[in-house]
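These notes are about the structure you will find just below.
Which chain is which? They are A, B, C, D and E, in the order written, and residues in each are numbered from 1.
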Amino acid sequence: MTATAVGFYLLSAVAVAAAVMLVASRNVWHAVLALAVVSLAVAGLMLTVSAEFLAFVLVLVYVGAVVVLAVFAILLTGNFGRSALPSSNELTVLAGLTSLALTALVAGVLLSRPAATAAAAGQFTVRQLGELLLGPFVLPFELVSVLLLAALIGAIVIARGQED
Amino acid sequence: MTAWLPLLPEFIIVACLGAVLLADLLLPRDRSRRVLAGVALAGTLLALVAVAALPDGSFGGVYAADGVARLVKILVLAALGLVVLSAWTWDQTWKRPMGEFWFLLLSAGLGMMVLASGQELITLYIGLELATVPMVLLTAYCPADRKSAEGGLKFLILAAVGSGVLLFGLSLLYAAAGATRLADLAQALVGRSLEPMVVIGLLCVLVGLGFKVALVPFHLWVPDAYEGAPTPVTAFLSVASKTAGFVLALRLLAGAFAALSREWGMVLAVLAAATMTLGNFAAIPQTNLKRLLAYSSVAQAGYLIMGLVAGDTLGLSALLYYLAAYLPTNLAAFAVVIAIEQASGSTDLAAYAGLAQRSPRLGLVLMLALLSLAGIPPLAGFTAKFYLFTAVFGQGYVWLVVLAVLNSALSLYYYLRVIRAVYIQPPERLPATGVAVAWPLALVLTATLIGILLLGVFPGLVVESARQAVQHLL
Amino acid sequence: MGALSLEHYLVVSSLLFGLGLFGVITRRHAVALLLSVELIMLAVALNFTAAACFLGHAAGQVFAIFVITVAAAEAAVGLAVVIAIYRTQQDADLDRLTVLKG
Amino acid sequence: MIANAWIIPLLPLLAAAVVALLGRRVTRLAGGLTASAVFFSLVISLKLLILLLANPRVNQMTWPWLQSAGQLALEAGLLVDPLSAMMLVIVSFVSLMIQVYSLGYMSDDPDRPRYFAYLSLFTFSMLGLVLANNLVLMYMFWELVGLCSYLLIGFWYQKPEAANAGKKAFIVTRFGDLGFLIGILLIGHLLNTFNIAELGQAVQAGKLTGGLATTVALLLFAGAVGKSAQFPLHIWLPDAMEGPTPVSALIHAATMVAAGVFMVARLFPLFTASPDALTVISYIGGGTAFLAATMACVQNDIKRILAYSTVSQLGYMMLALGCGGYTAGIFHLLTHGAFKALLFLAAGSVIHAVHTNRIWDMGGLGRTMKITSLVTLVGALALAGVFPFAGFFSKDAVLLAVAHSGRLDLLVIGLLTALITSFYIFRLFFTVFTQRPAAGKSGHESPLVMTLPMLLLALISTVLGFWAEPIQQFLGQSLGAAAAEAGHDRLIPLLAFIAACFGFGWAYLVYYQRAVSAALLARRFSWLYELLVNQYYIDAAYQWLVRRLLFAFSRVLAWFDRNVVDGAVNGVAWLCRQTGSLLRLVQVGRLSAYLLALVLGLLIMAVTVLLTQSAVLALP
Amino acid sequence: MLSLILAIPFAAALVIMFLPRERVTWPRWVALAGTLVGLAATLSVWFRFQLTQGFQFLETAPLLPSLGISYSLALDGMGLAMILLTAIIIFTGVLASWDHLERPQEFFAMLLVLVTGVFGVFMARDLFLFFLFYELAVLPMYLLIGIWGTGRKEYSAMKLTLYLLVGSALMLVGLLALYFSGEGRSFYLPDIAAKAFTPGFQKLFFPVLFLGFGTLAGFWPFHTWSPDGHASAPTAVSMLHAGVLMKLGAFGILRIGVELLPQGAQFWAPWLGLFTLVNIVYGSLVAMAQTDLKYVVAYSSVSHMGIVLLGICTLHPVALNGAVLQMFSHGIMTGLFFALVGMVYGRTHTRIIPDMGGLAKQMPFLAVAFTVGGLVSLGLPGFSGFVAELLVFMGAFRVHPVYAAIAVTGILFTAIYVLRVVQKIFFGPVRESFHGLTDANGVEKTCLAILMLVMLGVGVYPASLLRVINLTVEPLTALLRSLP
């Protein structure tokens, strides 16, 4: 078992455990924390396939942006006292069974699949990715800026509420 | 430079976005801000002209301006223009800033145009998000209204989960096929329909598409979002979003996943049956016209998806024609809803009592729109349904056609309930002087009415180009 | 336990995906729910990244970048809507959000 | 001349149309107009008869009426032969008499145009019926005759009894017509022709025999049973008295009831093809004759007595026809037409004078109404069959035919009926004309316009019998050689005469001399009296059938339609609405439920598709 | 020319919609003018029609070539008879609605739209067009009944519309099956007729088409929309509906069902014929138990349409001729009836039979007309109904003597209820409450007189119509005879 493999299993375990915490914790702060952990673990997993740039972006966006936004949201909704909402509702059992079955199915399908690709074949540099982004994928790249702008403008206008 | 030419319509919209943003900053906060609407409308019309005028072309193999794209973009832009006109005077009703509204509307339109042309998964995905996120924001645009905020949140979360599932499916398919271009995907997937991972990926994609076009059981956001959203937004959602969703489904299923057509054909046939049936049944007890139309649009999605089930030239061109027919029809209905909402502040069926006697023209438009939805000749909906059912029948789905025609008859039940309120019941809440209709809305009513009649009587206007476009595609 | 294959990554992400789905169904706190959505997006991003590496096809990583970006945008929009709802209802319990039904 | 026969029915039709269209504008002229039309018809009919007397043969003329794919060509055609010529004369003559009489009788009625239009239409229908050369055309006129009787019986529509009686007449006869129509259809199916002459040839060629022939004959006869008021469809005729009296005369003498007898005579070759059918006809005829005569004995309404008498006499005719006495039957029809018209007109005259129908409210009218009483006596004698009046000869011919056929039982019934006939008619005569006048009912003689027709009819009733032989011979030529000639017999007329005398004597004792109390008799034979007064409970049985059975059944069906057939429809609608309300509950409004549905949907889809795939793979 | 017939009522409807609202009498004049011109156009077609088999006045233009849809109109004998019927009924229908109610603009406009659909069905030579006009003819009914009806109008209107559309749903399935069976994709009727449908196909789809069309023709047990619908509808609509619309169903069965699927028809006809007997006898018996005048007439329509359907089910040429003639005859007759019911109701304000009586005194003309209608209904010779029924019975007798014998009893029951109704309404003593009521006015008299004269004319000289109808029946018969 290579170091990569060890890292993979370790990080996977962390990611899954944190994810469980995310969906099961009673405290919303714990959930935020769990998301940060999952993000980091997944970033680590990305590193195991040498996708350093992706890992970087992931940490930057998830830990740097999403988590911060979530913290702000929790603070803004003034929910310190009631952050410990019941973590789940009465659909839990049904939801659990369904999700479990689905996950088992998907995982089972994946596991039963002949491992067609045995080794990581491609490592891409930031430059390569940048060329792609400005080459064939320039259009989505441009569009995503429109999307972000729209999301920003919209988020502000909605969050600001109805002033008059 | 010429390489970018096929993107001209999109650029026009982007330029228009900038113009709206700029004007919003510069203009004083008074009624002159209706200029913004004018800007949006002008941009839309310009883009429409560009779409219609440009020849076929493509951009880097990831973006195609082909016949299907042209047709769908015309529909989206037409819807956009008509919705801009319908929302023209809503600054008074809403008391909300309109600059951002036009911006979001236009960007959603842009996303839909991208969906129409995208030839590659990433582009399509961004287009999808661009078409969805602004719509979510527009749905929640009046958060002081509990319904708007709630509808927006439900829409948002379901949209996010839906696109998450879609993405997960795409990622599996990508893992299986190693391609993001639709053409490459199609090639890579040939003969792999029995691979379980591919199947799972496909089904995840179907869920995402099902969410977007509102197939049962992924339709549950539709009634809530439609009812919650400001009515012009609902109108846009019901027409343009649906059109974009269907063209996405067409591109993916008939294009990229053509090799898996047996799988998705089977699933979609069942979903179509469930969708039209549930949509129609659930519409029966509704008392709010917006909600009723929401369920009706669910049912319509059930009919529409049959075009994909048929999957051949006839079926896909029927799908496009149906979308074209659906556009003026549904917009006409919503235009009347808007007019009544502005006059009485309600979208309850009770507010429509005696409309035909107070405002005969509004009553007539609403009746024709609903009858067209029900598929009554000589209106657009009839010809479209006939064409669609013919196509589906031709592919051997006789049971589905039987179910669909029975559903059409059933749907008439609740449409007639509305018509009953409009024509038969005596006026109660409507002002005796009739319902005042501002000129932009009057324009919408006229245009959609003409569309309903024209497309019904001269189906050849759209059908031929749809056929050619689809033939080219397959 | 052989060498790592793509399937390993796919399985992990499918676990995350499943947990995310479980989370979106069961979480009543709006923010927590949005975090579960982010979990799903994480799973997807991992899938694309891993697949790109194993297939040697860079587009998958580009896809992952877009997914991460859009996920952030969605989070922003979602949180804005949550805040807006909180303004009117002083409550973040999603199960009490049932004005619209039937 | 013969080619112009179509003018005969057309004249009354035109008159009817003119009067109907002009309506109240010709109130005064209406009667004159229609009567003159009938007069011209009579003139032409007479010329026709004379022509045929000189040269008795069968003439036909046809016009195409409709053609249909499937080798069906119907034509409108006339058949002029001795039978129809004779009938034309009698119909138009009696009609004329009655129209003239009506000029006086109806002189006060503001609705005269309608009345005369109906009368004229009636005449037209009957003339058309007589002339029709094929079954379809015959059926058409047959129905028109029924219609006219409906209209005329219900002429005073504001009287509920009159309206009811008209309806009853139409429906009861239509019941028989049903059989007639089915018979016609069956003939068309079997022989592929409706032409009467061709039918005769086909039957003689043996194309229709055995059970089918009997079926056809009986179905056709059903029509005659209805129209000619034979048992068991005779119930409409007594009620038909609610119409104006001249109408009764017309119905009883020359049009409606004659139609049935005429039809049997016209289609006689068909009937002869089935001896069984003839037997049935003769027994129904005989039975009707007897039953109706007995019922006539206990009636109190002068017109009802005459009505039952008509039923009885029609039974005679049927009896004769059933026994093969073709000419005898028709001849009796002729004489009966004359004397029954006479009796009715006389009765009308009486009613006109005393404004009542009850014979017990009359009495002693012989003193004030000399002419009327005289003609009534003539009519009564004719009806009773007293020499030398016409009835004697025709009844004699009927009984001869019966005797000739060898059915002694029927002969006895015939003779018994003759006795009873004589009794009831003199019961009437004595009660009305000879007894003490009832208080305030002295009466007065009718005007000339009414008495003249009566006198003319009386004359004919008296003398017609002397031409019995030539007329019968002439009529027989319609059938060609097939006419069976009854031989002469001295015994039968004697027996009939004795029976008539007995009847007369009995009536004389009871109602003139009052030697025997009628009331006592009624009490002594109360069961019989009850039975007769209630018309053997036949009417009641029909009432029960229609009210209790038919209407109840129709109400049950209506309930079924409303609640079961339509209930199923409404049930489906209800189910749809309920389903809608139920499905509405799916939309609980909770986000978590929506998401669950999404995930569950995905799971189910995945499982189903994968299972299906593996199932398909597992297939060989 | 045929397009003109189609366009005239539609144009009139458009004109009416754009009339100034305050001019309440203008719509009826426009409607009258439109229907009169339409009648004139129809008559001109009638006189220019050549007495030859096959279709005439063909007009065709591509509508949707990719699907094989064309705008094709043509007429044969049966179609000609039917458009004549339609033109007469709508003209008299406008007359019968002369002193109309509120919202005349919408009323006449919708009435004329409906008639456009009816004309279209009778002239269509393309299945798509046929279906289009068929539905167009059904739908305005909803509002016409819902707005201007009486009694449980909304319920009836809804039931009628949905019922008929479910029927047309079945029909559509059948039409599509015809389109897709065999080679060639065309909705043009001659193209479809040229296809050789397999016996199995014919047996499968004939009942589908029959039931689809049969629903509109009042086929038992799918008839219950008609009594409620007819009873609730305003006069002119009842006239049109019972008079013409129900004929669309029978017309469709002949034109589409029997002509295109003769073997299927041959296979199913005896069984379907059994149901038509139920129609005839059951319809008349149920009519007997009704107390509402309109329900009586409506159930009588069910019964009479049973005769039409029986005629079709015999597949015998004579009966087919009779069936088409009966369509015409019943159309006129029931038009007359409903016009009369409307006029009587307009005066007495009741339709409950026991509440009426003695009206002949106040309204002699109406009484006469009603009696005439009743007589036609019970098959009195001299009127059109007799000839039609006689032909049906004659044909039926050659094929199913027992059916025919049972069917004939229906006319007896008809006689019973018709005469009962006539008596109860018009005869008997005059009632105090009806003093001062007037007889028909000039417009009403014109309307009734036209209808009565048509019935009389056809009854006295049926060849006038029959030779035209025969032109359709003869080739059909030849087709049926050529079957194995």
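By definition in this document, contacts are C-beta pairs under 8 Å (C-beta built on N, C-alpha and C of every residue); 3 or more make two chains touch, one makes a residue touch a chain.
Computed from a predicted model, the values in this text were never measured in an experiment.
The set of chains in contact with chain B as well as chain D comprises A, C, E.
Touching chain A and chain B together: C, D. A centroid comparison over C-alpha atoms places D as the chain most distant from chain A. The interface with the greater count of contacting C-beta pairs, when B-C is set against C-D, is B-C.
Legend note: the chain whose CA centroid lies nearest the centroid of all displayed protein CA atoms is E. Taking the CA centroid of chain C as reference, the farthest chain centroid is that of D. Per-chain CA centroids place chain A at a distance of 69 Å from chain E. Chain E has its Cα centroid 64 Å from the Cα centroid of chain C.
Here the CA centre of chain B is 42 Å from the CA centre of chain E. In terms of their C-alpha centroids, the spacing between chain D and chain E amounts to 35 Å.
Contacts with at least two other chains are made by residues 89, 91, 95, 98-99, 102, 105-106, 109-110, 113, 136-137, 140, 144, 147, 151, 154-155, 158, 161 of chain A. Chain B has residues 122, 125-126, 129, 133, 136-137, 140, 143-144, 152-154, 157, 161, 165, 196-197, 200, 223-224, 285-286, 410, 413 in contact with two or more other chains. Each of residues 6, 10, 17, 20-21, 24-26, 28, 33-34, 50, 54-55, 57, 59, 62, 66, 70, 73-74, 77, 80-82, 84, 87, 94-95, 97, 99-102 in chain C touches at least two other chains. Chains touching one another, given as pairs, are A-B, A-C, A-D, B-C, B-D, B-E, C-D, D-E. Contact residues on chain C toward chain B in their complex (touch as defined above): 6, 10, 13, 17, 20-21, 24, 30, 33-34, 37, 40-41, 43-44, 47-48, 50-51, 54-55, 57, 59-60, 62-63, 66-67, 70, 73-74, 77-78, 80-82, 84-85, 87-89, 94, 97, 99-102. The part of chain A that touches chain D in the complex is made up of residues 89, 91, 94-95, 98-99, 101-102, 105-106, 109.
Put simply, chain D touches chain A in their complex at residues 592-593, 596, 599-600, 602-603, 606-607, 610. Of all residues in chain D, those touching chain B in their complex are 576-577, 579-581, 583-584, 586-587, 589, 591, 593-595, 597-598, 600-602, 605-606, 609-610, 612-613, 617.
Residues of chain B that touch chain C in their complex: 121-122, 125-126, 129, 133, 136-137, 140, 143-144, 146-147, 149-154, 156-157, 160-161, 164-165, 167-168, 171-172, 174-175, 178-180, 197, 223-224, 227-228, 285-286, 291.
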